[in-house]
Amino acid sequence: MSTDNKLLVVKDLATVFSTAGGPLAAVGGVSFDLEQNETLGIVGESGSGKTVLSRTIMGLQPRTNVTVSGSAVLNGFEVVGASEKAKRQIWGTDVAMVFQDPMTSLNPVMRIGKQIDESLRVRQGMSRSAAKARAIELLELVGIPSPTQRYNAYPGQLSGGMRQRVVIAIALAGSPKLLMADEPTTGLDVTIQAQILNLLDELKDRLKMSVILVTHDLGVVATRTSRIIVMYAGRIVEMGSTRDVFQDHRMPYTRALLESSPKVANPSHTRLVAIPGRPPNLLKLSDGCSFAPRCAYATDRCRQERPELEPAGPAGHFFACWNPLPTTRGASPS
Amino acid sequence: MVMLLGIIFVISVGSFYLIHLLPGDPAVVILGTGATPQNKLILYKQLGLNKPIYEQYFTWISNVLHGNMGTSFISQSSVAGTIRAALPIDLELMFLSQILAFATAIPLAMRSARKPDGPVDRILGASSFTLLSVPPFIIIVLMVLFISIKLGIPHTGPSSYVTFSSDWIVNLESLALPAITLAVGSFVVYYRVLRSDLIATLQEEFITMARSKGISQRRIMWRHAFRPSSVALLGSAGVNIGGLLAGGFVVQYLLAIPGLGYTLITAINMSDYLLVQGIVLVVSVGVVLINFIFDFIINIVDPRISRE
Amino acid sequence: MSELLEEASLVERPEKNKPLGILFWICVGWVALNVIGAIFANVLPLQNPLFEDFSAVNVGPGLHHLFGTDDLGRDIFARVVYGSRVSIAVGVGAMLIGFGIGAPLGMLAAYRRGRFDMVLTTVMYVLLAFPAIIATIAVLSFWAPRALAKIILVIGLASVPLVYRVIRTATMSIATKDYIIAAKVQGATDRRILVKELLPNIAPIGVSFLLIGIATVITLEGALAFLGLSVNPPTPSWGNMINEARTVLAENPWLVIFPSLALCLFLLCLNFIGDRLRSHFDVTEVKL
């Protein structure tokens, strides 16, 4: 595939925080691509680095005490090492982020209409009335009833689901080509979660956007993404099409993750499977595979040497494991 | 509100009682050298000094509420009148110094909050800390030293102060030095408070979101970060201004600016206790009122703040 | 993302291990030096601070007179050292009174709550509203004659409401913590709780406030000196030395510079120590 088609090309991206306890590698050496109009899911537990990765791809990491290395080219623009001023050019118009908690990501003392207006007027130079009209359009687009009235509301006056819709509206204001959704539904009621996710689906098709869905909830990505990246301790441990990852996963962690989410189809009183152990301390990463201490299949080599990503047969499916699970595909050997 | 009145009441009692702290006959004290038997009689009648003390207080307080704080026997002019002449000067001085302080503290705090631990921040932090430890009277003395030695202008005594309406250029010139001195102290406080509050606010998620919209730093700072942070600033402004009214005395005295401070000190030196009493009352009530007003404003800006 | 960082730092950061820094110890040293100088001024090899040598008026710094002499021929260095006595005595003395009265009351009120607390706090807040500086100036000016003890007493008493409020607020935030309630449930007596649990936790904040308070009081003494309300000449105090120097600024700048330096450096060190202690012991302040 020619690189012209790819919306995002990430190579060896690493993000290191300098903390009081030493350097913390939140993201270590991540590489992947994203096509236009593709939906990618990034899954992992808390502390896997998925949030940091999503911000680093956009260049939205904190400005101090952070070092980013590697490369992330978004729509032809190299994010790593770009100045804040240059990055501001792509924020909102090429890429936009939907944050996790709408209560903290919306300015509590500013009316929501104004918060939508802001990008329209400042970035696109719209007049006040034009911006207001467009904002109301956007509110309608994300499914907020009586948008003209709600334009003047404060975030505190809206329900959680509504607020998240507003956040999406703000993200869409610049007509971005990539929408980064970081745990967009965590913290919302389950019924609202489905609504928001459906909304994102609909919007992505309508507006021809790519979406990166970052979440710890596998249920969210199962039907809505074409590809999935599984992260652990700041690195990609498995990557491939959704189908491959769900049905032919090779890395034990992926299996553990799949098994630990409760399924309605299970008979009642099925024990919840938890992954034993605790997430690793990123300040003290071992030389071996980060998952080894918790892995039922770990060998000595796993503990001493970190596995690199290797292809798993079908194009686009990669995993990083010395002792992978046997493939479920009949034909090609691993 | 009740608290406010209660406090004012206590202040008035305190101010009133001051005269009686003095050894000897209050009348003699007040009259000073003019203590002839006739004058004593007049004073006794005026203040009711031969009556029990609470009655004296009542006489005094009702006089005060009518705007009559007595006539100073030393200067032969009405206490209330003297105060009325001096007060606007204090207000102008306060106003000027606060404008200076805010105009410098706000932008600098923003600059530092944007790049914490950067070179600007460190320098400002160290120097503001150092300035904290330098009392205003020393600032003045050193400034005067600097001016008179460097510029060779001998430091003259009496003030060159004139009112604003008569000649505003000279007015501002004469107030420049004291205003700057007072502004320094205020600046240090405002800068530190605003900086730490801004840094805290800038960590909030909605700031990152605003950033992701691609809007400029300056806009983020002013439109999003400043409003929540200004609460703490207002709080310290209230305390500071209240303190200024009281503490600006030395500055005034040193530079012979005839505000309330100057008047108070000279009154003390001349043993004009009636005037002292009046000024103490006015200033104390003033400070309390200022604190009260600021508390009120803060409550309006952010009703979420719970007062303790 | 911040949870990530928090987790990492909480796991790794040992409690209270922020080094105090060399600057801190330099300040402690300077303060100690001043205090020793003040206490032992009599036995130190200094000139007589009151001796007026009219043959050596307004002399600059030199071998014989380290800091030079003032306009009455008195050795400035000796006067500065002796002057520290006044400032330090006022600072420490007034704070001792303020803390001696205000701190126990504050702790008790915060711990007991109820009627006792309500009444006392209201009284204190009313007193607090009365600007302390004015009260001090007023009382001292009316209550002649001047004496060091009187100054210490008045300033000390004036500081009681503020100390009360600070200690009370600090105690309240600790007294509601679970381990205090746990101790109570275990049957510890009030006195035991106060001394063994509360006190050690209040101590750091208290000490840092104490130091800053001393600095404030010393500044106040300086201001009072300018108003002629401090100790009478010829007794030297940093404040009245600077005040006296005003009249001969042009001829003898040394008279202003040295006491000013002494005063400012001492205050700076006190403030710095107090500030460092506060941030060292304030575990809630997480710096990433």
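Chains here go by letter, A, B and C, matching the order in which they are written, and residues are numbered from 1 within each.
By definition in this document, contacts are C-beta pairs under 8 Å (C-beta built on N, C-alpha and C of every residue); 3 or more make two chains touch, one makes a residue touch a chain.
Model, not experiment: these values are computed from the prediction.
Comparing the centres of all chains, each the average of its CA atoms, the largest separation from subunit B belongs to A. Simply put, of B-C and A-B, more C-beta pairs touch at B-C.
Chain centres here are Cα means. That of subunit A falls 55 Å from that of subunit B.
Subunit B and subunit C have CA centres that are 23 Å apart.
Chain contacts: subunit B has no residue touching two or more partner chains. The residues of subunit A never reach two or more other chains; the list is empty.
In subunit C, no residue touches at least two other chains. Across the complex, subunit A is touched by residues 115-117, 204-206, 208-217, 219, 223-224, 227-228 of subunit B.
The residues of subunit C lying in touch with subunit B in their complex are 2, 125-127, 129-131, 133-135, 137-139, 141-144, 169, 215, 219, 222-223, 226-229, 242, 245-246, 249-250, 253, 256, 260, 263-264, 267-268, 270-272, 275. Touching subunit C in their complex are the following residues of subunit B: 3, 6-7, 10-11, 14-15, 18-19, 21-23, 129-130, 132-135, 137-138, 141-142, 144-145, 148-149, 154-155, 203, 242-243, 245-247, 249-250, 253-254, 264-265, 268-269, 273, 276, 280, 283-284, 287-288, 291, 308.
Residues 58, 60, 64, 84, 88-93, 96-97, 99, 101, 104-110, 118-119, 122-123, 167, 170, 173-174 of subunit A are the ones touching subunit B in the complex.
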